[in-house]
Amino acid sequence: MATRTSRLSRFASLEFILGTVLTVVICLAVLFSDVLFPGGAEKINLMARLAKPFTNPAFPFGTDPLGRDVLARVVAGGKISLLVGFTSVIGAVIFGVLMGLIAGYYRGFWDMLVMRFADLQLAMPFILLAITFIAIVGGSLTNTIILLIVSQWVQYARLVRGSVLTLREREFILSARAIGVKDWRIIFQHLLPNLIGPVIVLMTLNVANNILLESSLTFLGLGVDPTIPSWGGMLADGRTYLQTAWWVSVFPGLAILLTVLGLNLLGDWLRDSLDPTGRTSR
Amino acid sequence: AGKMTISTPQDPGSWDPVDTFLTQWAAVSTNIFDGLTYRGPDLKVVPGLAESWEELDEGKRLRFKLRQGVKFHDGEDFNAAAVKFTFERLLGDQGAKGPQRSNYTAIDSVEIVDDYTVDLKLKAPDPVLLTKLAGYGAMIVPPKYIAEKGEDNFNTNPVGTGAFKFVSYQPKVNIKLEANTDYWGGAPKLSEVEYRFIAEPATAVAELQAGRVDLVIPPTIPIGMIPVIEGDSKLEIVSVPGPTVDALRFNTRDGITADVNVRKAIIMAVDRATIVQSILAGQASEIVSFQSALSFGYDADLKALPYDPEGAKKLLAAAGVKAGTTLQIDIRGNDATMNEVAQVISSYLSMVGITATIKPYETNVITNDIIPQGKTGAMFQQKWGGWTFDFDNTAYAMYHSGEKWNPYDKDEKMDKLLESQRPLTDRAEREKILKEVGAYAAERALELPLYNTNAIFGINKRVKGFIAPPDNRLKLNEVSVD
Amino acid sequence: MSETIKPLLSVENLSVEFGSSRVVDELSFTVEAGKTVAVVGESGSGKSVTSLSTMRLADMMGAKYATGRIMFNDRDLLKASQKEMRSIRGKEIAMIFQEPMTSLNPVFTIGDQICEVLMLHEKLGKSAAMAEAQRLLDMVRLPDSAELLHRFPHQLSGGMRQRVMIAMALACRPKLLIADEPTTALDVTIQAQILNIMRDLQKTLGMGMVFITHDMGVVAEMADHVVVMWKGKKVEEGPVREIFANPQHPYTRTLLSAVPKLGSMTGEEFPKRMPLTVLQDGEPALAGEERIQDTAKYDEKPLLSVKDLFVRFDIKKNLFGKATHRCSAVQKVSFDIHPGETLALVGESGSGKSTIGRTIQQLQSSMGGEIAFNGRSYSSMSAAERFRMRQEVQYIFQDPFASLDPRKTVGFSIAEPINTHGLINDSKAVKRRVDELLERVGLPSNVASRYPHEFSGGQRQRVCIARALASDPKLIIADEALSALDVSIQAQIINLFMDLQAERGLAYLFISHDMAVVEKMSHRVAVLYLGQIMEMGSRQQVFENPSHDYTRRLLSAVPVADPTAPRNTALIEGEIPNPVRRVGDEPAILSHEEINPGHFIAKSA
Amino acid sequence: MAGFLIKRLLQAIFVVIAITLVVSFAIRLTGDPALMMFQGGGSMTEEDLQRIRVSLGTDQPFIVQYLTFLKGMVTFDFGRSFNGGTSVSLLIGDALPATLLLAFISMFVSIALSIPLGIKAATSRGSAADQAIRIFSLIGLSFPNFWLATMLVLLFAITLGWLPPSGMGGFASYVMPAITMGVILTATNVRLVRTSMLETLQSQYIMVARAKGLSESKVLYKHALRNCAIPLITYFGLQFGGLLGGIVVIERVFNWPGMGTLAFDAVAARDYPVLQAVITVLSLMIVGINLLVDIAYGLVDPRIRTE
């Protein structure tokens, strides 16, 4: 059967393999960072500050301004970064997409309510939101994640709503309605799969964005303990050393790049596998 | 002749002397305004617009002989009336709107003796007043100009007697000055000066590297970027000890740090010399009390607790602090240096069995809420830069009970010591008591003293005759550019 | 191949594959200038794929050309680059696509889309192109062409869109026209008109035509030569008279014998289920019983009753959002449908048939009148009743492609009504039911896991039928549900409909252009024109005693599946009826007269 | 249409009032501006603070302060900055054009880059060009914007000396900020264009457009693009709104005197009048943009009814 084989070959596509391998390797390395580099991420060695990479086998990626092993920190740094990156994006997607679906599908009052709320949210500069947010709820990792969700759901909501507005006039949605399919099923079974493409794109990209944002919150007081390594934090620390010690920021940047690359490959694959029309065209 | 461009990290928003405490204000305004006295880079108080002065009434009256023939930039004469106007404005309604007034409350009234003689009548003697007259709120302002053009106009169109005249100001962008060729101290060598407000260190340094800025003033250049400037043959770093000191203070009321021996143990556990050498790249000096070596009241003989991890462990054991005890260090999140230092300290503490976590805060939150409300962890960062270079300014605020920055400690002896030195005009006597304050604070281990950071200037070598002021008060009349 | 006349197009040994499945297998045929080749055959036999391959558009769908070549003007189109093809497409070879609903770009006006070709190939300026576009719309007898130019596709009826497509294809006077079911959505009067235009153009331009259709009547009228396809292969070809008179291949014979003929039911009171012609051991044979379809229960109260229905669309609005021009799509339409009855709705394209169907299905709100189902009027129904109604009334959309979710397998779509209404709870049983439904509409059950775009037009149509049957409805509104099917499958589905009617008393509102099918399967017929019912009566009354002018015109325009029959080439002249009017200038509402018991005609105003 | 606009206008007023109310209230929970004035290191007493509060008006009950602000807003008088007393309207008057101009240019750069690149990636899906475009767009995202900005400065301002490292001035000063912002925006947009395009390209009407013999660019840029424009318009609108709030980091790195810097400084100094004004202007703009986006929906896709 033609479709069988093409579906199989899709699983075997380069995108999927590469994406999975990257993501799995990164996640495993991060999960087992303690085993790979016991205590290495925190060990300060003021005698070996800013050692160059690829010269000392003890520090293959060089050391940071406190003489810590950049490699160990990059690996360990994924814990916070991935946690924040993933959870905040997932939270924002779930909430935002839901709101967008409701606003776009029901229109009228709900649309007005959700979208004006979105306007409110959009008009609020991020730092202001962050500062007032901490002032009210205090700073912690959970709150960082909540803050990111609060500040980002609107993107998804508006994106989804826009697409729903066109889709809901399409005949296949009408025919689902004609059958008597319940609203929530129309929303989740028919609208969602047909508009998820851009959402997946935005989602995979926002993971990177949020990993970076997490660090920028540090100086607002929402950040976490600087001894706990995170990619964004390392990049921020490396800021003053850009001209003198590039490796401090380039390696965490590469880590983010590879993660996002892996995610995007998976995201593209997911998008493609949700889109049957592209299937035979390869 | 020649133009010099200077990068300063902040726009104070108003050029009116009564409005602000920012050193970035002084970095500009020292060139526009003069005070009765002047304090240069050597920190000695010398005559300014007053040629001489004397103390009368046991220090409760100061009589100033004013310089003659001085004119404001708008052509108005400088005289006793201008001095009277200046201080009455500072202590009156206009001054009430700004923070500067609180520095000058010792002044009771201003009396004109003759056109060029003026008396400041004091409520009580203020030993630091002459220093204060050299800066900020005490800058002499033109009465007629202000009366004619109004107060609001003065904020953004300052007029003084200084070496440079105001030309233009664009908020958040720049302020431009030009030479005042009639300056009483002699015409400046530069014809124009432009200050650009550049908040981002990397940007300021890039502008310096690109040759579009001649001087970057503190607090801008982070330690980590010093090698960048040193590596550029056209540029150099000039650094002098500054007014700013950093310490991690203790919560002396609750938790393990309520015990003085624990506090001492923590101090002994940290190798500050290494921190200064490595993290601060030598751009700072260790301190023993919460003041710099330049400060009045500094005690060169006071000895710090030695770096002694073994001793620290013993003290901790004796105090019953178990290995693995945790404590929290609160710091300002945007202070990159302290970020690193705190991490190193945390690692030193871990060697004596204390697990320290670090909690960064937004600056305003920590200074306005966390510290005053006593919501800090066991240790918290305090950064202080008394521009008067007088230990009283620091010590009173930090150690006197009930003060905003002193949420935890109450000590009668300390309060008495602090109060007793305030009215003294006898410098030696006061200095003795201030040294005592410093020693007593060290004995009680009220803080983990860290370092006094240098004021770091990045400068283009084409600038000649620049002497780095520790207090950021640039006076550019002797400076020239190639 | 003759030496003297060089063919315009010659397809030689063409094989086309999707992935590993070959859908066209070693196909060869030629088209000469000025001649028409009709390609007929089983639904899904590769007709559309062949035409898309000729245009080299099948490339974009992922098709691979395994063997053969396509010669056009001495060049092999299969070897041409896409760039070279661009100068050929639209100008030299034009194509009319099978599914008109999805073929027009929804976001551009009709005018824009027609002008585009004119400006590109004829190098006309914008205003000249517009004028020409308007002329073309007039030519295909679209009403109010000047205004229509500024409308968007979704505001047009199916047949109107199809005519737009035809106008677009003819715009540049191509040398070769490939018409893939160009008239399925047209009523017979307009169809006759369009066919005449095509013939005319063919004569004057010497245009070659590849004409794909299921309507053997049209084949008989149009074709010079016929190619019969079956399962991706050509099974027979020959001159049209030859094929009709003397079909060789068993499939051809099956096909021809399944053609419904108008008038074959004369004298019958009720519709009749006829035996099917099927291929048995490679030979056509009759299968199934013959049965009088006496299922309508007129003694029971009507299942659906529509009373004085009005539907209007705002076409133009002024600045303040008030309508200035309206389309009166449905005007005071009333009818009943009884359990077990088939009511056929026939009429001119754009006369409001689909709109009536959509309004009954509550996809369109009415502006007046009342619809009652099972005696309960819509306005008084509770939510639960409404929900139940959506199970009992099913709608088969005119455009099957657009009405299937592109992201869901057809199996999912068919199972959806079952799951929605909780008819079967066990998922295995649901799957069995889906398979069974697929088989009943003549599709293998293993296609359940395929997606809509992987089907041919007729196959998709059958999927939609299967979906409508899935919920065990009481009433099915079938909007051109059979027009995309080849006649043998069509006959099979008609029988399926009739069997269900007999078994369960299903009622149908049967919207169709195919008068022969209507004659075959309906109990009563309503003839719609400009949103109003012109004539309504029992099948026998309407077909044997057509009393309204329009009905008579309709019946006389039906093409006869006999190439030897005389052709009616008279063009319809005069004003094109237009349902769009200024607000305040609404068309007159005609009153009805009962000329015989149950036989009504509209009195002319 | 007129009714729709009036309705939206009313909603806009509601939004502006709501957000200024929330912001004004919330910011007052986070710090006292009077205290902040002593940041330089002055010693002060409670009485000193109170004195300043009186002069700033922050001693008044919140509701009184807010009503004063509202009253001023109607006449576009936002009062004076707590930080130096400059007229807030003046500050906004300087910062808004700076930000708007930069936002327009960056948006333009990004759209001009991302649409052709995204379409290229979509049409040659899986090819080397597609992969390259996708990977480059990810690089643009994986490093923070200050990183990219600093790299550009190092290259163009310091090593090559072609462009000024910072500040707003002539044409040259726009190049780097616009490129940095443009690149970052493009990274997302390219992928968005690619995805939306992929879906549309499968439609039958695209096939028909090709059958007309239209050039590939007409097919893609006219027929396909317009059909996938809804998510793009939405996202561009969001981005533009985001830019107006000012990208603080970019503005800081390039020392751009825009709304971001203004807002950032105002938050840091708890400069209520400036902050309230920034928020007011920003929310008006956002509401305006979203209104335009909603209207654009209807124009781009006639099936969407604006009302």
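Letters A, B, C and D mark the chains in the order given here, with residues in each chain numbered from 1 onward.
The definition used in the following text is that a contact is a pair of C-beta atoms (placed from the backbone, for glycine too) under 8 Å apart; a residue touches a chain by one contact, two chains touch by 3 or more.
These figures come from a predicted structure and were not determined experimentally.
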Centre-to-centre distance between chain C and chain A (centres being mean Cα positions), rounded to whole Å: 48
Centre distance in Å when chain C and chain D are each reduced to the mean of their C-alpha atoms: 51
Averaged-CA centre spacing for the pair chain B and chain A, given as whole angstrom: 44
Euclidean distance of C-alpha centroids - chain B vs chain D, Å: 37
Chain D residues counted as touching two or more neighbouring chains: 30-31, 146, 150, 154, 202, 301, 303
Contacts with 2+ other chains: residues of chain B: 202, 365, 369
Junction residues of chain C - those touching two or more other chains: 60-61, 154, 406, 453
Chain contact graph, described as a line, ring, star, complete graph or other shape: other
Those chain pairs that satisfy the touch definition: A-B, A-C, A-D, B-D, C-D
Footprint of chain A on chain D - complex, ascending: 11-12, 14-15, 18-19, 22-23, 26-27, 29-31, 125-126, 134-135, 138-139, 141-144, 146-147, 150-151, 154, 187-188, 191-192, 194-196, 198-199, 202, 230-231, 233-235, 237-238, 241-242, 245-246, 248-249, 260, 263-264, 267, 275, 278-279, 282-283, 285-287, 290, 293, 297, 301, 303-304
Footprint of chain C on chain A - complex, ascending: 1-3, 5-6, 169-172, 174-182, 185, 189-190, 193-194, 274-277, 279-282
Touching residues on chain B, where the partner in the complex is chain D: 11-14, 16, 19-23, 96-103, 152, 155-156, 170-173, 196-200, 202-203, 206-207, 209-210, 212, 243, 363-365, 367-369, 384-387, 393, 396-397, 404
Of chain C, residues touching chain D in the complex: 52, 55, 57, 60-61, 82, 85-91, 94-95, 97, 99, 102-108, 116-117, 120-121, 152, 154, 165, 168, 319-321, 401, 406, 453
Sites on chain B touched by chain A in the complex: 201-202, 222-225, 227-228, 231, 274-275, 278-279, 332-334, 336, 339-340, 342-344, 346-347, 357-362, 365-366, 369
